[in-house]
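Two complexes are shown next, each including subunit A; its partner changes from subunit B in the first to subunit C in the second.
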Partner chain A sequence: MTLRAIAGLVALNAVFLASGAAILWLVRGWRTWAELARLGGLAYLVGVACTGTCLVLLLIAGAPLSAWLVLAVAGAFVLAAALGGRRLGRPRPTLGTVPETMNVFVTAVGIAFTGVFFEALFRATRLSGLYSWDAWAFWVPKAKAIYFYGGLDEQFFTTLPGAPYPPLVPVVDAAAFHFMGGPDVVTLRLQFWFLALGFTWFLAGVLCERVPAWILWPFVVLMLVAPRFGARFAVPEADFLLGFFFVAAAVLVYFWLQEPERWRLLIAGVALCGLVLTKREGVLLAVLLLLATLAASAPRRRQAWPALGVTAVVVAVVAVPWRIWYVVHGVPGEGPPSAFSIRENADRAWPSLRLALEVLFDSGYWSVIVPVAIGALVVASLARRWTPVLFFGVLIALVTLGGGWITWAIPDLPITQEFGGNPIVRYMGAAGLVSLAAAPLLLAEAWSRAAAPSAPDEAA
Partner chain B sequence: MTPRGRLLAATAVASVPLLVYPLAVLVQGLPRFPGEGDCGPPPEEGRPVNVVFDRFDSPVEAEKERERVLAFGFVGTNVEPDDCGRWLVVLGNVPSVEVAREVAEEARSVDLDPALELDPDG
Partner chain C sequence: MRVLSWWIEWPVGVVRTGVVFLVAVTAIAALARYPEVVRERGEVAANGDALSYADREIAGGNGLVGDQQAVYQARARIPVDETYRVEVGEGYRGDTDLAATYVADFYTYFLMPRRPAADAPWIICYGCDLTRYGSAAEVVWRNEEEDISLVRLRR
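What follows is the complex of A and B.
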């Protein structure tokens, strides 16, 4: 609750941004400073994923967390990227040009609205208490345990609720405590404000590569005013970071499908590493994203599938150490008891799926995001843009089926949207966010087709 | 409009609201940063009181201090977290401010310097 604590958080997030920007310079280079500014949100998420993943693996190996360790890990990324970038002959960024008039003014209005929203959210967040149940029951206590005891304290990490949940968020929280100078659970919410700001920056900065500003910014604003997003982004839980990594990976994979530059898949892999270490649902979401990508890349499977296979193996290797840690420490597994037994709980199958569908279409959570995304799927189908339709259509459907599967496969979960009884609403946030990212991309594809009607149809 | 003029105009469109909003807020007064005093509300007559011997960032340090306080005979002293993320060495649920003052007086005689706060759990 002090200026020093806020300054510490600014420093920590600057470290994330710097490490991510260095990694992106290594894998793709920066042509202009404007490009660096545009992709700053992506750089930030990459920094959080890379640094967070390394810190989790180091803690599992027994290293004690400290501010110096965070600086050392991020510094190692910057140094390695700088040396590697020089070796690859990455040029220094130049000034670049100003985009066309309409885009630049719509973008300016969008930045103004979004910026004022985040300023207001900062004020509301700065002195808010730790009210949400999961946050004070285990997310923040785990972070405090890491802060006070230096590592994954066996007693805390095996007895608190959510014991098998991966520790990336508590590790980021504990790093925030070190940079703030103490376990200030009030100011900690600002760390989640930074994550939300970074994701919004990512969404606007990356999507504008393919989406005109007049299509893109209404969706950014829609996300900020949606009941389950926007004002709730600063709740110190893992649900939103899970969604951020998932959408980042999905958007990068989609761009890679459209334009197979290797760095996009590489960075999607980094986001997936963060995803599987953020929440146990991350493993499911990573598998679903892989399935949707396999389906959408089937026409060029000879080139695409081996690369996807390598990415999947790397993500699995990163996910395994945490699973070994909790098995070794006697924590019951994170998988549902009747995961693949179709006969068991057969009477729960339809009610579980219906629950997932009800949550998906509940405007009380995601406003009009999902109906608009489905409308965008239809419009893009009419424009014969099959790759985005197939990829996002399959992905949204799979995530929804995944939500139904979770409720069905865990018989202890009641068929309810109650937050305390069933995680379906938290989980379906990933479907809401990916629908939000998909809609402008689909509409932009349809618009580009309408603007150039002589363009050839895409092969399905 | 030249590219430079376009960029300047767009920057103005984006930055004016971003500056006006915080300035409009600051006109109403500087932001408040609650201090340690806000972590423990003052005692109130007729409500249970906490006799707080000290606050620590570390529960280990707090436990050491608790053992020292217990050695002076203040039985019932515990280590508890406060609302600001720190650890209290506290004798809680003292029935009145008057009794708490007597406890504090006794503590000062053995070089402890406790503060009286409202017991939020009382």
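What follows is the complex of A and C.
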């Protein structure tokens, strides 16, 4: 643990932020500096997804990872975005003001709570080690292998546990090692602190566009203190980055459903590319998000579905090379053995689904997030806000069914919430996080309807 | 009365009440846990501060490796371009039930970039019978109490 290592991590994450900000400038422009500050978390996640995805694809193609390669990829994004943005006539940002929904007092209190939490988490994280089995047994060894050998070393990437897991997190970790100046496994946890900070910034900054501050900030603070979130965000595993990308994609897709600006779907596609290269569950979550979006966009399917089809194809194209790599190298597949056989394990179907539901409603993991999200769905239904109800209701239901399907389709998994035996709690983190993002959006929609009761009902 | 009807009229009043109720529940749940969570992080930081660098670096391996010196001796003595293997004797129990099963995985992580190999000249022995390596085996480090040895095979 040295100041040099911390400075290296700051530099790496500044590179992610800069590349994401440049990409957003290309696709949507920055009207004001205040807007850039508000959407900095989105820019950061876009930077991680874009740079990480490119690095993964380059490693699969045989390029050796180095700090220079990270800088070259991020620099290429910045340069391309700058040239493209100028060509598209994107304006330079002006000073600007904050959105009307951003009540300054409530926002200041929310930022203060968040700041104190992240300061405490920073102190706890920078003096901790790798205690989680998954972290030292395969996530960090894979990162070390990339750092020491430059690429996807065949011996380690085919024999370590979790061999078919996609390598985006090890690639980000290896980039962190390069920027820190060595494989400092103690300081590495701070990289996950940065990811958590970026996601929190994303959540507050993007949602405040539509959610009044008094509705939004209690949910942000609740996320930080929920037993399975917050303090665990700095564990060097892939579960939370998976959830971050999933929620980012879901929120952007929802905004696109409400206001079909093309850049939102484009950036959701970027988050989905990160999602499918972060963990094997990412493919399942991407498919479920696509299904929920298809359902919610059915009334205007002629415009929406072709765009969704193109996005799905791009995400699939990004997901395929890693799957080819591990098949070519003889690694057993990541899919469950009886994925679609209804007859096999029929007796496990209900216990598996019940397990997913028990985890979903367990306040020991997500505090009151899920019951509040269900309540928000009911309230938004009363307010006849059908698009958010349909989209988030279907999405949460599908993710829960997906959790049941995983346990059911892998007969070796015991029906248990025990972390070492069944990944259900890790997986359901995606349902918990998306419920957390959905609830304030649903409540804000309902409140806006209640504030203007003469507004027309939304068509179902 | 007008104020009351603003909150209960069907359906918008009920919607207002529902929104405020759910936000209040969320805020109470968040504020109730917040001090405890921040205090816990402080305690974790204080506990981390009290650890040695070795405790922090080995972290999850502390319950597996028996003696921190074993992993540091292995890292110091095995050249980075040579291979090693971890052998665990049948009778080895270790500090925890997990030690025999997972100690080799921990060395894989800790000793990188050194590679594990079945025919490696370096052997990290946990409770194994050293006599079976014959006269070619040179014990370069040993912890008698924990029955851990670092052995080099001369070829």
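Note that in this section the second predicted complex is superposed on the first by the 455 of 460 C-alpha atoms of A that agree within 3 Å, B and C clash if a C-alpha of one lies under 4 Å from a C-alpha of the other, contacts with A are read in each partner's own complex, and residues count from 1 in each chain.
In this text, contacts are C-beta pairs under 8 Å (C-beta built on N, C-alpha and C of every residue); 3 or more make two chains touch, one makes a residue touch a chain.
Just so it is clear, the model here is predicted, and its values are computed rather than measured.
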item	value
Combined model on subunit A: subunit C and subunit B, fit or clash	clash
Contact breadth on subunit A, by residue count: subunit C or subunit B	C
Which superposed partner A:A112 touches (first subunit B, second subunit C, both, neither)	first
First (subunit B), second (subunit C), both or neither touched by A:V368	second
Which of subunit B and subunit C A:V186 touches, first, second, both or neither	both
Which superposed partner A:H178 touches (first subunit B, second subunit C, both, neither)	neither
Partner chain in contact with A:F148 - subunit B first, subunit C second, else both or neither	both
Touching partner for A:G230 - first (subunit B), second (subunit C), both, neither	second
First (subunit B), second (subunit C), both or neither touched by A:R264	neither
Partner chain(s) touched by A:A124 [first = subunit B, second = subunit C, both, neither]	second
Partner chain(s) touched by A:R280 [first = subunit B, second = subunit C, both, neither]	neither
Listed stretches 8-16, 80-88 or 98-106 of subunit B, narrowed to the one that overlaps subunit C	80-88
Touching both subunit B and subunit C, residues of subunit A	1, 113, 116, 120, 123, 126-127, 129, 144, 148, 183, 185-186
Residue ranges of subunit C touching subunit A (in the complex, touch as defined)	11-16, 18-19, 21-23, 25-27, 29-31, 33-34, 37-38, 40-42, 44-45, 48-49, 51, 53, 55-61, 102, 105-106, 108-109, 112-113, 115
Subunit A residues within the subunit B interface of the complex	1-3, 97-98, 101, 104-105, 107-109, 111-113, 115-116, 119-120, 123, 126-127, 129, 144, 148, 182-186
Subunit B to subunit A touching residues, read off their complex	1, 3-4, 6-7, 9-11, 13-18, 21-22, 25, 31-35, 57-60, 83-86
Subunit A residues touching subunit C - in the complex, by the definition given at the top	1, 113, 116-117, 120-121, 123-124, 126-133, 135-137, 140-141, 144-145, 148-149, 155-156, 160-161, 183, 185-186, 214-215, 218-219, 221-222, 224-226, 230-231, 367-368, 372, 375-376, 378-379, 382-383, 439, 443, 446-447, 449-450, 453
